[in-house]
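There are two complexes below, and they share subunit A, which is joined by subunit B in the first and by subunit C in the second.
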Partner chain A sequence: MKVLSLNFLTCAVKACKSSSNSYPLHPKDAELVQDDLEVNAQLLLNLLPRIDWTALSTTATELGFPALPPQAPSVEELQSDEKKLRDLHNLLMETQIMEGKLVCANCGHEYAVREGIANFLLPSHLV
Partner chain B sequence: MEYLIRFSQSHESFRLPEIQSLAVVEGLDLEVISYSDESPFCIVRLESEEAAKTLLRRSVLAQTIHELWGAGETYDELHAAVKRSTAHIWPKYKDVSFKINIDAYQGSRSEKNKLALINTFAYLPFEGLILLKSPDQEFTIFEEWEFDSVPRNLPNPLKVYFGRLVGHSIREVIKTYDLKKRGYISTTSMDSELALITANIALAAPGKIFYDPFVGTGSFPIACAHFGALGMGSDIDGRSVRGEGGKRSLKGNFKQYGLEHLLGAVFVSDLTNSPVRRARILDGIVCDPPYGVREGLKVLGCRDPEKDAWLVEKGKRSYQLAKLIPGKPYNNR
Partner chain C sequence: MQARLGLLPLDISGVSLGRVKRAREEPFDRDAAYMLPTPDTSHVAYERVYEPAEDSFLLLDTLSSATETAFLQTRFGEGYAPLVVEVGPGSGVVIAFVNAQAQALFGSRNVLTAAVDVNGYACKATGETARKAALENATTHGSFLGALQGDLVAPVRDRLVDVLIFNPPYVPTPELPKQPRQADLPALDAKPSFDDDSYMLSLSYAGGRDGMETTDRLIDSLPQVLSTKGCAYILLCAQNKPEQVKQRILGFGEAWKVATVGSSGKQAGWEKLQIIRIWVE
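Our next item is the complex of A and B:
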């Protein structure tokens, strides 16, 4: 479960979709793993406008990363600053949650993450 | 300039959409002049030789692209056309090494016949060496015969073309991704050729994100990743995604092809209760939905809550139970 994907996912419960509390999901007891991947600048630059920066900042802080700047960097900034690009790559692409839980702040439902794969299946009473 | 695309005679209905999608991906002006599902030869107009090369560089259904020197219904017409339209470029090929091939579709020629045919082009002022192995330029005589022409002993082809080879497709990657050589597959893994065509038609390209909501063993994200896109996927059945671990898992498949860096996210979820946020995140969705023949249609929930009531134990949440996949048929909703 990459940090990137956490930015794209919210609570699967339909009633939670309208609540702003349900996003982002909050990692709990997360075991992190760092992969070693080559920086894909083109992908990061394309992703940048699709990332919810506020949610990413929350996730990063909760996972114990140093606080992100309040504003997302612009495309030009990323292009010119290799370190920024590398840091973003490290956070979004290389950091993986292998074990743990993702908690919805609205309904309190906990989604288990096992072997890096999150399970968003809902029990019958929540469908 | 007109170019002749030599398609493979398979998945006919996808050939034109694929080539048109590739023109969009590569940002080329493509005008299709003649095309038929019955014939592997398609005539298109493109700006330059470079454009022709670029158009084919990730095509799966085409084989080669040729600069069209002439076309006709008979050889006399063909020779006249070649002389009329290409005489001004002949000097360019005066001293290069070359060879001439014959590509007869639905027909056949004896070796003697082939040589005689090639010799009818003797008016071309080519003075370079004839090299059968890696010549500088390859020319091809294309013949389009009627169906069953060999047993019917037909004397002449329907149409003939003459062209100079300019570019190749990547049709051979079908073999690289062949399911028979893939570490982990299941009953409904998508054929490598169709998955690659789908990725092409969906405009997969570097820097884009593609999502497959019925990912299974990951055939579609792998095809998208081959073209440089980031592949995401989800499936209601976590067992198919996890596999047996190691080489026999979805992640193992990505590793097998050296594409791990393009594996975005894989998670277990039901499409009717999807956790994907409603926002413009994806560039495309590619999937092979379960039609209910080989793989059943299942969504979360129970068919009859009275009958198959779920177990509620004190202090234990139902979703923590080890039940494999909950589900009811989709059309019973």
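Our next item is the complex of A and C:
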């Protein structure tokens, strides 16, 4: 699963949905792989407004990436800065979580990731 | 195929055969008839993952039809990166097609795709189908984010999905199979038993009352899961009482629209399939 997915996911437990603690999920013992993909600059520019930057910063730091700036870059900034674009591409599109866990900070449940697939099926006591 | 169905735990009294067998009964060179190639699913283990059939192909044909590509391109014009999520992708043939043909469907490669399936083997198959199809369509594909295992859209954040695609377990059955918890399905690295396989397949087609128990849950979640530009494509069979389903969706509010945008099996009878598009205006 690409790191970008984490920006779109939350805890599957109903009671957690309303808690801000359930987002983003926190990677734990994550094993990453890097794909080598062509940069699609327009995709990243289009994507920028729909990214939750605060959550992405948390994810990046927790995965061992250099800290992101506190504010999301503007479209113009990103357009004119090839390094920024490339770094964002690397984090969001090229990096995949293959093994590990995703942890909800609200209920503490750990979702296993195996072979790049996160398992969000709940144990009976959490349904 | 028939032997496998004969041993499924539920009495499906032949009903699912329509869903499973049709593709075999009609030898048909799809790629000769349509310009866009059908993704290769030859790696998929059909003893535990639903095999592409008439319903899957109806989704491909509908999503790539002139009316639907026009709708999608008008709705998600330039400057946007729509998120397409398929629920219950099975082999992944539909979402791999959407991803591989992003340019033809959306008029742009700036498209994100993802899938959620309750069956982990289907998730694995889907990832592989999407990867292969993207390789074969190197200049037209979008970005496939991954397949994850879960119940419908439970782990997806609210108001994010722009296009939701669902080929549900729509066959009416006396009861719905037990909805799986984490412990009910084999781990991905385990060797599934014959019963495991039967159970996973039953989840792909058995729909309980009117074949609608799972689809109803998905429809209930639409107001929460769809983005402000969101739309959904859902496949129904005649026994699902499509007119009632449409009325229910219109009941969400004045802004909600629904239309039949694809159908197959034109002769009267329960096999007739249709795809409804749901959107907010």
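Rule of thumb we're sticking to: the second predicted complex is superposed on the first by the 127 of 127 C-alpha atoms of A that agree within 3 Å, B and C clash if a C-alpha of one lies under 4 Å from a C-alpha of the other, contacts with A are read in each partner's own complex, and residues count from 1 in each chain.
Convention: a residue touches a chain if its C-beta (ideal position, glycine included) is under 8 Å from a C-beta of that chain, and two chains touch if they have at least 3 such contacts.
Quantities reported herein were computed from a predicted structural model and do not represent experimental measurements.
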Three-chain arrangement built on subunit A, subunit B and subunit C clash or fit: clash
Classify the contacts of A:F8 with the two partner chains as first (subunit B alone), second (subunit C alone), both, or neither. both
Tell me the contact category for A:S124 with respect to subunit B and subunit C: first, second, both or neither. both
Touching A:Q71 in the superposition: subunit B (first), subunit C (second), both, neither? neither
Touch check for A:Q42: first (subunit B), second (subunit C), both, or neither? both
Tell me which partner A:Y23 touches in the superposition: subunit B (first), subunit C (second), both or neither. both
Can A:R50 be said to touch subunit B (first), subunit C (second), both, or neither? both
For subunit B, sort through 3-11, 21-29, 129-137 or 309-317 and name the stretch that clashes with subunit C after the overlay. 21-29
Common interface residues of subunit A - those touching subunit B in one complex and subunit C in the other: 1-2, 4-5, 8-12, 17, 23, 40, 42-43, 46-47, 50, 93, 111, 115-124, 127
Residue ranges of subunit B in contact with subunit A within the complex: 206-209, 230, 232, 234, 236, 238, 241-242, 245, 251, 260-261, 264-270, 273-281, 300-302, 305, 310, 317-320, 325-326
Where on subunit A is subunit C touching in the complex? 1-2, 4-5, 8-12, 17, 23, 40, 42-43, 46-47, 50, 93, 96, 111, 114-124, 127
Contact footprint of subunit B on subunit A as seen in their complex: 1-2, 4-5, 8-14, 17, 23, 35, 37-38, 40, 42-43, 45-47, 50, 52, 93, 111-112, 115-125, 127
Residue numbers on subunit C that touch subunit A, as the complex places them: 79-81, 83, 109-110, 112, 114, 116, 118, 120, 123-124, 127, 143, 145-151, 154-158, 160, 180-185, 187-189
